[in-house]
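This is the structure I have questions about; it appears just below.
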């Protein structure tokens, strides 16, 4: 369960990446995701890979930890790679294994697609690893600000998101606790026929729902007691401010994009 | 069943930036039939410790031995389920684990999982319901329609229905009113004596530790800080204060009494009534000496 | 005569038409700057009383007056400005994703300007000794620390009365003691009323007055000393008495005449001293 939990879990830190304005991070990642699809040769891929690796190092999050967090994704990456090897038939035949001809084009394409995939996942997980969920929420609320004019409930949405984020660790703890309690009463969640295992989930889900409802009820009450009556007339503690370092990072990133377009083959 | 911990270490989320050492070089031996109180400040590792007793957690290194079952970092026993049928665990706020449609079904859930025959289960329920202070009329009710105190009792009944040889209690009376607390603890104690159980009680109440335990383990930051009989452990005021614990009120009083009157009354887990007699005798003794 | 701050006048309440009455004809008064403890068995109606005090529930009969205002749907937001409440479960009242967000929440709701918020956050976190945890997330705090933050959040809106509904029940003894110390300091400094709902006898003896609830009725309303003198009756309604009171009782049984009803070790030792020198 732990490796699953680690994907996207915020790792506290004070690196340049951590301190970037979350809106800037989201913008850059958005651009990166688009730009990745323009890379098409060794040089352009190298530039993007170098960017991703340097950014990773700047965050000072141990590489081992990031890679371990990506474990479930490795499978997909390898799968994509193998799929390409088998399906693509371009270039010269390199080797023949078990009747399958592996073409050089397939190897290159497989590598390129897997690398692209890897870079996308790495960069997006860097966002969640270096940005608290609440910062992401703030950034989204701010970026959607314009929608308030068409009566889109931006504030309520953001509040709901931040509260769900706030409760994820609590609910995970709760799940852990209840499954341990039921395991002590002889439930086996791990082995046995599928049908039995599905049945074993009921004693986990029912208490989980009951407690989630109870929490929601108590939380609503606590919020009301503290004077919450909707977004109207509220002030905000959190304020986002673009700093000069944000702009410098953006410029740096744009330079990389330019570099990419100069080196890619047309 | 005897319980032995040998150099047990436990690390939560090992190999991650969140790695957290919750138990460190923990060793102790508890003979079968002992009532053990585990005491320590919040976060000292008490709940982590007891989760090793039925293999919910396996030590990161070291060895846990429960009767003939060995649990080490390399291997859990294959018959983990068998072990769990012998170790009943009442978690903190156990009412959170209720789920079934009726009280009766919820109580039978544990024994049924462990393959106990239906008529045996029914016999056990008949016995347990009055013991935990519930009414048979509640058996057909939904556990979610009950009061907090009743739900707690149903959850406890569900663990007792397993007929464990080792009973593990993690702050079982938190949130109950004084009478409820007393009733439930007395019930556990009676059961401990009657069925010759080995009992682990995690508690913040020094008074309960003094009242019920034969043996006390004091935890501090994941390590064993002290262990011994209540008399040995609880008289060490300075040492306990250092790990943010207070001595039981009766000992606080005996200390205050001594510094006021210069008369030292030994702590022998005496009842308040006996203490009153001792005070009277001490006063009369002093007078007749003069 | 002290100034009344909270007044319950013949209040009856039930959670639904078909449900039994949870409170019946409850009347009491709580004065400015006073510390009142409410005790009673599980289900005796303590939490219901607390929720009635700040308009989370409304009584079917009788009226509740807070600082001269009757609590109704119209006045409820004014009432809530004056009544701060801390609940039992530290997890279910932590709204913010970090400590500072949580403390800010109540102020944001009331439209407090940002600079003022920042200032008050610092001030109240100091008061609960949590100033080093400004950016910490709730799941990295212990239960006791979360409760301190809950108290800070309530203090930030400068209430006239602070209600703690079993706010220390989920903490260890040391955590309890620390919270109660913090709270009583704050009460004295800010001259607010304090209402603590609790099963912890150590907390009860510190209060000036105790309201004892039994099955939805006010069973007694007196000083801790007077209340704990009724040992047997208290036990009958599911409550307990402090160690000192029990010991005093046993001493009396041994014909040692204590002239007063002691509540703490010092008082009991004092009594014994007098007795001893007379023997």
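Read from first to last, the chains carry the letters A, B and C; within each, the first residue is number 1.
The rule is short, and it goes like this: a residue touches a chain if its C-beta (ideal position, glycine included) is under 8 Å from a C-beta of that chain, and two chains touch if they have at least 3 such contacts.
Treat the numbers as computed from the prediction; the structure is a model and nothing was measured.
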{"item": "Comparison of B-C and A-B by number of C-beta pairs in contact, larger one", "value": "B-C"}
{"item": "Greatest separation from chain B - chain, by CA centre", "value": "A"}
{"item": "Where chain A and chain B are represented by their mean Cα positions, the distance between them in whole Å", "value": "42"}
{"item": "Centre-of-Cα separation between chain C and chain B, whole angstrom", "value": "29"}
{"item": "Chain C-touching residues of chain B, taken from the complex the two chains share", "value": "41-43, 147-149, 174-180, 182, 204-206, 244-246, 249-250, 252-253, 256-257, 260-261, 272-273, 275-277, 279-280, 283-284, 287"}
{"item": "Chain C - residues contacting chain B, complex", "value": "40-43, 88, 142-144, 166, 169-175, 199, 201, 235, 238-240, 243-244, 246-247, 250-251, 253-256, 265-266, 268-269, 272-273, 275-276, 279"}
{"item": "Parts of chain B lying in touch with chain A, wherever the complex brings them together", "value": "13, 15-17, 51, 54, 56, 81, 84-85, 87-89, 91, 94, 96-100, 109-110, 112-114, 144, 158-159, 162"}
{"item": "Chain C-touching residues of chain A, taken from the complex the two chains share", "value": "132-134, 162-163, 165-166, 169-170, 173, 214-215, 218-219, 221-229, 233-239"}
{"item": "Chain A residues touching chain B - in the complex, by the definition given at the top", "value": "2, 6, 11, 61-62, 64-65, 68, 174, 177-178, 180-188, 202-203, 206-207, 210-211"}
